[in-house]
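Given below, in the form of structure tokens, are the structures.
The following pair of complexes shares a single chain, subunit A, combined with subunit B in the former and subunit C in the latter.
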Partner chain A sequence: MSGIRVILWKEMVDYFGSKRFLILFIIICLTGISVAYLASQNLGSFAHIPGEFLLLGFFISSAGSLPSFTFFVSFFGPLIGLILGFDAISGERSRGTISMVLSQPVFRDSLINGKFLAGLATIAVMFVSIFLIILGLGIWTLGFSPNLEEISRIGVYYLASVVYVGFWLSLGILFSILFRRTSSSALTSIMMWIFFTFFIYMIANVVADQIAPVAAVTTPEVVAKNEAIRRMILRISPAALFDQIATAVLNPSVRAFGFINPAQISGLLPTPLSLGQSLMIVWPEFVGLVALMLICFAVSYVVFMRQEIRSL
Partner chain B sequence: MEWVVEANQLKKVYNGVKAVDGMDLRIKEGEIFGFLGPNGAGKTTTILMLLGLTEPTSGEVKVFGYNSTKNPLEVKRITGYLPENIGFYEDLTARENLIYITKLNGIPPSESAARVEEVLSVVGLSEVADKEAGKFSRGMLQRLGMAATLVKQPKLVILDEPTLGIDPEGVEQILNLIRKMKEEKNITILLSSHFLHQVQRICDRIGIVSQGKIVIEGSVDEVGEKIMGEGGTQIQVQVSQLTPGLLDSIKEIEGVRDIDVSGNFLNIRCDRDLRLEVSRAIVEKGCFPLLFKTQDYTLEEIYVRYFRER
Partner chain C sequence: MKSKKSLPILLVLAVLLISGFLFSNWQGAKAVQTERGFVLFFKYPSVTVARKEKIDLDFMVINTGKREEEVFLSIIPDKKAKDWNVGFETRWDKMQVHSVGLLTKEPDNSVTLRFYAIPPDNAKEGEYRFVVKGTSLDRKIQRSASLLIHLVQKGGVKEEVSKEIELTSDYPSMENPAGKDFKFAIKVKNNTDKPVVLDIGADFPYGWTAYCSPRWEEEKKISSIKVDEKQTENLLLTLTPPPTVSKGEYPIKFAVRSGEKVVTIDLKAIITGTYKLKMRTETGRLNLDAIAGKKENINVYLWNEGSAPVEDVSFFSLDTPKGWKVSFEPEKVSSVSPYQEVRKPDKVKISILPPPRTIPGDYMFTVRAAGKQDQTDMDLRVTVKRSTVWGWVGIGIVVVIIASLVGIFVKLGRR
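Let's turn to the complex of A and B:
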């Protein structure tokens, strides 16, 4: 307990007062406003959305050439987390402040816990702002107030976004502990980002096509296997996990992922699912995302507790 | 008697390299102990183990009876530490940095303001207290570092090269400050340094560290004797002229080992102080001494000599 409140408070003040935060915040607000604006100009693309979920359209519809908001979060969200985390410890090391702080009577984990929690709080606040902007503009455009179901779906999606970006924050912190130099930490962070949000999709496709090639004429079994392999590989990517959560939570009509045998759904009425049912579909992904974040943090914790505190 | 710092057979191995190799260290209450040694001798590593900032490979270290590895919090509560490369939060002012430290120490806000003002004036930074630490010069940072060690009202202060990169006037101030800490507050001080003439002035006891252990320990005089003991003393004489037979008659004096001659300067190495006998011999040979000096060994020479002999 010793010291964590003091450190947490200082880190929060630091984050919120930093230029880095200001720039991110401006970018995020602009993104939110433009996404909501473009969606409102393009309400035609909402046609497939059931009437009672129109507000969700502001998060998932891609207007014109611009991608949707969910895409923005899953693609650029990692950068926010990494930017907040990549120099958490290595920065203290290179400035020589780590010796100053840790020679005071505070538990060593207070520093890393404080940094992680402060980062998480920063992310939560950023996302609250952007969600409120989009919601506000959405309600204003549509002209009617949201229903509880919409609000809870957006709430769950918000939670998932914070956990998702929180994972990248803890990954950034891990690199800031593993690497003595801030530049190495930054480079590795960027590499991980590119790998997990980009290359992993290609790798998954290549591997799946190798094991279960889909030709012009193939049995549904092969197609299903191909899809299953792809999904299995993607499961290690937080971006893919997050995409699935977003899809299921924001599209009440999504019933399953992957290849669906037409026989399975024939005769089913295309009624939207309840939030509980949607959550059942992506429950494993949600748990997986939280687990990834916690594992990453736990590794940072263990490494840091055993590390030598020497200013360079 | 209870030692302030007590290390027994402390060892630290980094990937097979022995940084500290069987260090035994004992520091008494109220003394200034100087830790001397060349680069890479293991001074900083020992200090880190004293504070629980790194784990010993083997051996144990206690500060005021608290085991530094198992109970670092208690040790850090009563120990002020000035690291080798001190750093402060650059966007906070000197005062804010110190306030932050008092918060980390759990000092109540009602008390911390007064304490911070006091230490700022002790180190002479009151005037620039509201300047951002990022704009401080090296010497000011070092003094702020001293303030940071003092603000928690420690019983032991560990200073790792406190005078590194400071101009002569600044060095003077810091050395005086260290003495004052001991004399006015009865703080025990462990100080590591390369600058021997400084250490010599303020340390009660010194330990020379080489390859991860203390090789010689004692007061400055004792250490000098231990190293130079075998070397005896040295007398330097300037004579009015070199008369024939002079050198031979000096050599005959019991206890004289050898003489170096350069011009009319004689460097005489002998077992003990033989100035009386030497001057008698000089006068007997019909000349007189112009200048007489016994060599006072500075720590510098002791130190250089010790490490040259290795």
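Let's turn to the complex of A and C:
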């Protein structure tokens, strides 16, 4: 295990020291803070948020043309993970340092475990700092400290963000193992990012409209079917999963996704849900995200362990 | 020629002028004469009375002139009525009156006297005539008024006339549920030709409270009333039964007293009993947690705060969300007796079953217990939660993945 720790520290030093990471981190940090700050300047958009959850507004409110913080995380978060992971192994290979490292008394699994954990730790530290800055900005603007419910909801959201970006990190590591050249690994990663965060929504809409076209005059059944197909397709995208988790966790009044029959909500009072119940709504998505991250890592682990190093 | 023709015209004119002047003078003299005058009259110049009763009649003297007058009054009975004891007296303090003084301005220009006539014991039935003469002090003006008394045997007169005070009520019997006041409207009629002052009293069951007020001024509580002659006063008797009053009929006696005479009227208050169903959960909480697809029970107490049993009480739920099943055990209670009699409430178990695919959140519906006589509502709020089964399934999946990851570590590690 000492091998993992050495690799972990070494990798983290590399990550935090690398210029491209610093630039990316500053960009994302500034964007997140400015979004939250603009939201705080536009407190009128908080009107629909119940009083006891006002601080959550800094994460979900959008100011003017700028999207909300959650959108930035779900759209640009993958980029952080991919940048941290895409050259984890292929970079070492192209620099020819991998055989040097492995000739040291370090096990091969320590290398990949250490790289993954270092990436995850970097992501965790980065998000802690961004979240704390936003929270501080929120407390400064609103003038009261967060309550336990807000803190725990933000905590769960934080956890989900780290897992989400962690998935993209493990995907990047997988590509860095699969492709020998760093540039092809990077290109594939970017392709996956654009596909899952951008194209998948278009494809889902097109497919759903092909199978169950919604005409101007239509029945609720058709609308429900269209929505169900769309959501089914979106489910393969980690970005869509994360969007749902963020919506349910940060908005206590969200109690279901998709098409709801009005009869189902007869007698329902518009009261906020407890965190446990909010989490129960998106529990499948949460489990799916964690599973995706772990499976992706497991696959890259297996592939890396079976690779012939010396031939490289 | 001209002057000769005009002479007779002038003469005629002069005559007309002089005669006009004289005439106007004469008119003036006459006005001076009519400035004095008075009238005498009986309010009821012809009456029928029973024998052996004192007859009292109003008699008025009014000054119609422009000078103060003093009028001497004398009564001249006809031959048959020589033995009658007649005279005038003041209305209130019964002084004998021989002459009246009249001023010119109201209200002192008129005097109302009481003419009294007491027939002798042996007076026969028949008509008796009296003439009243009024003479001014200087004997220049004389006026007179006549009165005809028709004397009959006692009992020949109508019964009502002999009754001096009469009490009547349009609704002498009233029905009310317990807790409501009874209000009896009572008319007091004074058949005499004197105003009377009456003391008011009532006889009612123990524990009740009562007060009397003028009919249209309920906030005034009165204990006596003055009824003018031949007038009717409207009274309102308000009775408040005690809150614990039981069903039944309660007799009430309302009485007025004037001196020795007491007049009563019997009234009846009927209490029909009250019905007040009350419902409460065992713990007092009106909310409960439920899991979608699982039955949740809540115990409810039902009792009757009224005074009479509520019959045929059944339970049902209103505004129930779609697909929910709300059942009651027992479904019906044949009778809920008043709590103060049985001293224990009825226990009802409510089972609530939200459908399996309920969207989590708070739902509200109304539970109603409705009997023949009364009903009561209770709002229940149910917080539906997701079954935690799927939560554990998810955790299981993650555990399986981690376990297989560990398996891979063990199998492939340490190369």
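Brief remarks follow.
We adopt the following convention: the second predicted complex is superposed on the first by the 308 of 312 C-alpha atoms of A that agree within 3 Å, B and C clash if a C-alpha of one lies under 4 Å from a C-alpha of the other, contacts with A are read in each partner's own complex, and residues count from 1 in each chain.
Following the convention adopted for this analysis, a residue touches a chain if its C-beta (ideal position, glycine included) is under 8 Å from a C-beta of that chain, and two chains touch if they have at least 3 such contacts.
Everything quoted here is computed from the prediction, not taken from an experiment.
Per the definitions stated earlier, placing subunit B and subunit C onto a shared subunit A by superposition produces no clash, and the two fit side by side. Rounded in steps of 10, the angle subunit B-subunit A-subunit C defined by Cα centres in the superposition reads 170°. For subunit A, the partner touching the most residues, choosing from subunit B and subunit C, is C. Judged by the touch definition given at the top, the superposed model places A:Gly96 against subunit B, while subunit C stays out of reach.
Judged by the touch definition given at the top, the superposed model places A:Pro105 against subunit B, while subunit C stays out of reach. By the touch criterion defined above, A:Glu308 reaches subunit B but does not reach subunit C. In the superposition on chain A, A:Lys10 makes contact with subunit B only, not with subunit C. In the superposition on chain A, no contact is made by A:Ile194 with either subunit B or subunit C.
In the superposition on chain A, A:Ile23 makes contact with neither subunit B nor subunit C. Minimum Cα-Cα distance between subunit B and subunit C in the superposed model: 6 Å.
Put simply, subunit A uses residues 107, 306 to touch subunit B in one complex and subunit C in the other.
Taken in their complex, subunit C has these residues touching subunit A: 319-324, 357-365, 381, 385-386, 388, 390-391, 394-395, 397-398, 401-402, 404-405, 408-409, 412-415.
Of all residues in subunit A, only 2-3, 6-7, 10, 17, 95-97, 99-107, 306, 308-312 touch subunit B in the complex they form.
Residues of subunit A that touch subunit C in their complex: 107-109, 255-256, 260, 263-269, 271, 273, 276-277, 280-281, 283-284, 286-287, 290-291, 294-295, 297-298, 301-302, 305-306. Those residues of subunit B whose C-beta lies close enough to touch subunit A in the complex are 44, 48, 51, 53-55, 73-74, 76-77, 79-81, 83-91, 100-101, 103-106, 145, 148, 152.
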